[in-house]
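Structures given as structure tokens follow.
Look for chain A in each of the two complexes below; its partner is chain B in the first and chain C in the second.
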Partner chain A sequence: MTVSDLNALMPLTIIAVASVVIMLLIAFKLNHKIIQAICALSFIVSLVSLSNRPSYLSNSLHQLFIIDGFSIFVLALILFSGLVINVFSYIYFEEKEENPKEYYILLLLCTLGAEVLVISNHFFPLFIGLEILSIGLYVLIAYLRTRNFAIEAGIKYLMLAAFSSAFLLFGMALIYTDTGTMQFNLIADHLNKLGMPSIIFLVGFGLMLIAIGFKLALVPFHMWTADVYQGAPLPVTAFIATVSKAAMFTVLIHFFNTIGSNRFQISTLIITLIAIASMLIGNLLALNQQNLKRLLAYSSIAHLGYLLFAFLSSNKLGIEAVSFYLFAYFITTLGAFGVVTILSSKEQDADHIDNYRGLFWHSPIAAIVMTIALLSLAGIPLTAGFIGKFYILSAGIDAHLWMLAIVLVLSSVIGLFYYLRIITTMFSKGDKHIIKENLLHPAYYILSASTLLFLTICMIWFGIYPIQIILFIRSVLN
Partner chain B sequence: MAGGLLAWLSGKWEPYLPRTIALISILIVFGLGLTIWISHASLSFYDNDGWIIDFKRIWIPDFGISFHLAMDGLSLIMVILTLFLGVLSILCSWDEIQERQGFYYFNLLWILAGIVGVFLATDLFLFYFFWEVMLIPMYLLIGIWGSENRIYASYKFFIFTQASGLLMLLAILGLYFINGRNTGHYSFDYFDLLNAEIAPTDAKWLMLGFLIAFVVKLPVFPFHTWLPDAHSEAPTAGSVVLAGLMLKTGAYGILRFVIPLFPQATAEIAWLAMLIGVIGIIYGAVLAFAQTDLKRLVAYTSVSHMGFIMLGAFSFNELALQGVLLQIITHGLSTGALFILAGSLKERLHTRDINKMGGLWADAPGIGTTGLIFAMASCGLPGLGNFIAEFMILMGAFKANIPLAVIATIGLVLSAIYSLRLMQKVFLGPKTDEHSIKDFSLREIIIMASLTIAIIWTGVYPQPIINTVNSSISKLKEYYSSAVMIEEPIVKKEIKYLPKSIDNDGK
Partner chain C sequence: MNLLFSISSVIAIVSTLMVITRKHPVHALLYLIVSFLAIAVVIYQLGAPFIAILELIIYAGAIMVLFIFTMMLLNLGKETIDQERKWLQPQTWTGPVLLSLILLVELIYLLSKSSSQEHAITGMDTKIVAQTLFGPYLILVELAALLLTAGIVGAAHIGQHKRRVSHRFLEEYNE
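Let's turn to the complex of A and B:
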């Protein structure tokens, strides 16, 4: 362990320490505001600590972790997203739950798990990170325990996550039997020596793919998504949609790129099929949803399909496309969930499409933010989502994946339909009976609103002028 | 000039301002456009490769994307038309739109800005950008201010155009990468891509991607179904902009991109495109005859007229191409006028059903007269712009493909039938309604008078327009004949016998 190692792991350490500190503070019965502020602070400090990037890792650490440009980028996204979710959480939980403080510990722990996943280069941290993330999420999903859907969602997630962990473990075990190592690059070396992978390895590989597919909610492992999205508290839904998926996706990229999964035709074929199915089925299922959370759940399946497409193009442009798309997807999804959070009342989330009827005419700002977020998800120009989709298409066409490109186009047209439906609803003439709840926490309300505005400006700005972020991604990746 | 262009685009993005500001800003821009036209009318357009203005800024250099606007005769004429109809559409929604004015004009101006952008962009990425930018406000315009069935219509409009637009994006990207691989210089710039060497099979697919986007927009026969819905449900200004301008972006796209970028591939499918165009002419005319909804009727006449554009654009000779240009303009004027007419009738009668109209001439001779003029224009009466345009297209097409041209001529007869039916039902015949209606107000008289003057002008003296676009057209012809030289000697023979210029025919 050297100083540079410590530096490298600083973001993780800070988050871990912060969770312990908050736990202690809760024992002193400090109020919600302070806890939330400390939580926010730890996210910020951790984000700042990312900026001093270590030049190398010592050998002992290198076996376990890989801190390359891509992981740094995803780490930053995760921490940023944690910060935003933390901001939205205050209003949401203050109104609903008499005891919201433990929520922040769990939030921090889940973030920690995600961070470990992002930098893992070995099956151990991979599994540990995954478990920290999942176990935290079980509780978070069922946090509003008086609500019916919450418990159902929590149990569902528990069962499926446990299953997928089992698959993952079994897959790891098989790969270990075959190769005798758990370190990604050593596995790759082993494969290079062998030339052709053995059957045992392929089975293990497939099992791991299934487990990852579950976590990413790719078709056909997507069944849990809608229910969990619907049942979980809104900030947690946003967390699952962004942080947990991004972390898992990074693992996928690290693992598959290190061992060079595109060497096996069979795995490329399977991933292609999964990507196509995710894009199409995700969007098709979202078509008829009346519940916004469920709708976003299905749309996130499709977006993961798009990401897989970029991943499949497996060239330099592909990784850039993944990074940019993740970025666009993060700010967009956070924006969309942020609006839903702000509009939610004490009794229930504003997740039914009817809640949005005529929104534009009584609270135009929220409606505009939502519209832009949805347009960005749909990939319409002037938004970051468009540049993201454009990037992915470029990467794909560069790699001659015409088939996938056409599927992407088709499925975005399908997607357009339901995004438009919400937008139309917001712009249609609504009955004015919307209950305008009095603002309990004006300061936090303003804070959340300004965060939303910031996200919106990002969506537009990087949709029109993406060069800065592209250059940034390039500089980080190299 | 560059500053003027920037102001052109940005000046219109002033949101949430009431109608006067909208009008003033567009008038300023219109004035600017006219000045450019007048100042260049005397100059030879063959100078400087025919490009009048060229404005380039770096946008996303890593992808070879630049903010590149350029204007030649073709785009100049299109821009003038856009702004002219833009002024009129603001005028005609002056009283029609009562609620949410600020947002309405915001959308309207934004659409116009998008369309102007489409006509000026010479970077394919930028072109796609503008192409999409005009869609969302149009969608909102139909979806919020439309009539009863507006939601359905706006969906249909958006999804049709968006789907085809994405195909175009794929084609653009394909072109980008193929050209980049061949030359090592990755660029979305139109001028770089113009010289791209593409394998014939690739070119065919890419060309199809572009072509589908444009023919959906145009719209040509199998892809036309969004048009009647969108037209009939949109507010008057929306219909005017849709018919007068948005359809023209499709035509413009074919002329600007499909033919120059893929001359050979286009030549190969020319007969098919012409056939589709002819089907569109006949089909649109027949359906127009059967409509009882005034706006739908006009919408189907658009389908028919767009068939002429398709026919002309793919006949590939100077005569037909000049005809296409004129058709674009005159159709914009005449259809715009008919939609405004339908809008004002609806404002008065609260119906678009022509069976419920009749005998309006007695009450409103002003409306009747203009109706007569533009119905006649639509059926191609000599002296009005459409006659020249369709005549030239047919002449051109006759050289390229005789049977198709003959069939297309039948379309003219059909158009006379539906135009006369329109007149008969609406203005003549027994009066069905007891209420008397008001004639045009001063504002409407101004709108109609300017349109009438414009259409008669194009009908009697189209030479300035032809002069302006001539350089672009002769360039187009070069692309085509270069392709023909390599590929198909059959058509080339016919081209040889073309008159050098159309000056005398045009008058």
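Let's turn to the complex of A and C:
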């Protein structure tokens, strides 16, 4: 390990050390406030440490990790999202029945797993990162363990994630049997030498695709999504929707782009079908949902379909579109879940649509933030979501993917219906909503609210002047 | 070699099928141990004796013992002894014993053959494994440690009991 290696892995090291430090602090019985603050601090320091970009990785590290512009961008998004989730966690968990302290250790460890996934260039870190992420998530999902839905969701995720890990391992084993290496670029070299991939390789590739599809909740593998989203505590739901999916998507991009998956027609065909199915079915299933968490779960399936479309266009514009869309999706999803978190009470999450009836007349700011977040998810102009969708569409049309472009437009129209349904509910008259008796933690409430406002301003600002962030993405990617 | 491989693979599959069809957990565990033994023999034939031993020590040894301990702790009581005697019918243990015997014969045959001909097994001793783990893959070993941390913290949280504090006037729950 050289100094530049240590520098390169600094964001991971900080998060790992922070998790151990917090474990010690819990042993000293420090209170929730301090632990939350230290967790937030570690996210910030880790985010700052990303700025010195490593120029060179030593040989042993180079085998395992790839730290290119795209992975740095996704790392920054993940750490930012971790920070925001950490801020929302205080008011959510302080009022709950469970001891909230271990939550922060697991949050940090899950983030670490996601970071390892993002920079992996080898099957080993891929698998270990995935397992760190999954094992943390099993517990985080069932964190409020006295609630029925939580245990159900946790068990469901445990069974299915373990199953998908088995698929992933078997796929890796088959690819290793065929190529004799687990490093992405050496696999690519092997394929280049061979010309046509063997049947063993294709089977392994398919099995890996199943596991990745499961983690991303793409359509044939999406069954767990709604139940897990509904059962998990809100900050954890936000974490699954953003961090876990972005990390796995980065693996998908790194792996498939390195081995050049678009040279096998069959894989392109399958991914196209998955993308179409995800866009349509995700939006169709969301149409009649009364539960906001489930609705956002189905909408996230559709959003991953859009991202897959950008990935399929596999040109330079495609990767830019993916980066921008991830950015827009992150701030929007965090905003939407943030509002739900703030509105939730001690006993109950504000996840039923009736909780939002007439919200605008009680707490106009929350309603406006939610409206903007939903409009951005729907992709209405003047929001970041619109620019993201536009970017994806232009990348796709550039690559002549007409079929997918048409499906994207159609499914966006379907999507508009259920987003607008919530918005009309919020503006209609009514009085069925969760009343918060008194604000228990005014300072943290204000902190969360100002984070939400910041996210909202980002959504609008980058919807009107996207050029800054586009230039930034370009400079990072190159 | 090929025949031996097929036999142990078939034993692995059969015993795993038996695991998921048994009604009683301890009977299932017996078959699970046989399944691990069979897999260990398969791995040994593929030329990785170290991994085969690890499979035995870790899975058939440590994890199985943990399972059995948990079940024993759950079934405390006097009537359990009678129950256990009732459970220990020949029909429950002949299956696993038979399968293990086949594996034992195979293993003895393999050992005698490789000592006389000295061909099959090369490399993959502990030293090479250690050098690989603590050389290029050191960082992964560290990550695996954090993986275990996540598991332990999670288990500690999920398994935590709520302590009930009773008082004459007030009753409240503490963690």
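Couple of notes before you dig in:
Everything below uses one rule, namely that the second predicted complex is superposed on the first by the 473 of 478 C-alpha atoms of A that agree within 3 Å, B and C clash if a C-alpha of one lies under 4 Å from a C-alpha of the other, contacts with A are read in each partner's own complex, and residues count from 1 in each chain.
To be clear about the criterion, a contact is a pair of C-beta atoms (placed from the backbone, for glycine too) under 8 Å apart; a residue touches a chain by one contact, two chains touch by 3 or more.
These numbers were taken from a predicted model, which means no experiment stands behind them.
In the overlay built on the shared chain, the residue A:397 is in contact with chain B alone; chain C does not reach it. In the superposed pair of complexes, A:374 makes contact with neither chain B nor chain C. In the superposed model, A:343 makes contact with neither chain B nor chain C. Touch criterion not met for A:114: it reaches neither chain B nor chain C. In the superposed model, A:420 lies in contact with chain B only, and not with chain C.
Those residues of chain A whose C-beta lies close enough to touch chain B in the complex are 361, 375, 380-382, 386, 390, 393-394, 397-398, 405-406, 409-410, 412-413, 416-417, 420, 424, 427-428, 465-467, 470-471, 474.
Listed in rising order, the residues of chain C touching chain A in the complex are 135-137, 139-140, 142-144, 146-147, 149-151, 153-158, 160, 175.
Interface of chain B with chain A (complex): residues 59-63, 100, 128-129, 132-133, 135-136, 139-140, 143-144, 151, 154-155, 158-159, 162-163, 166-167, 169-170, 173-174, 176-177.
Considering their complex, residues 9, 16, 19-20, 23, 60-61, 63-64, 98-99, 102, 105-106, 109-110, 112-113, 116, 124-125, 128-129, 131-132, 135-136, 138-139, 142-143, 145 of chain A touch chain C.
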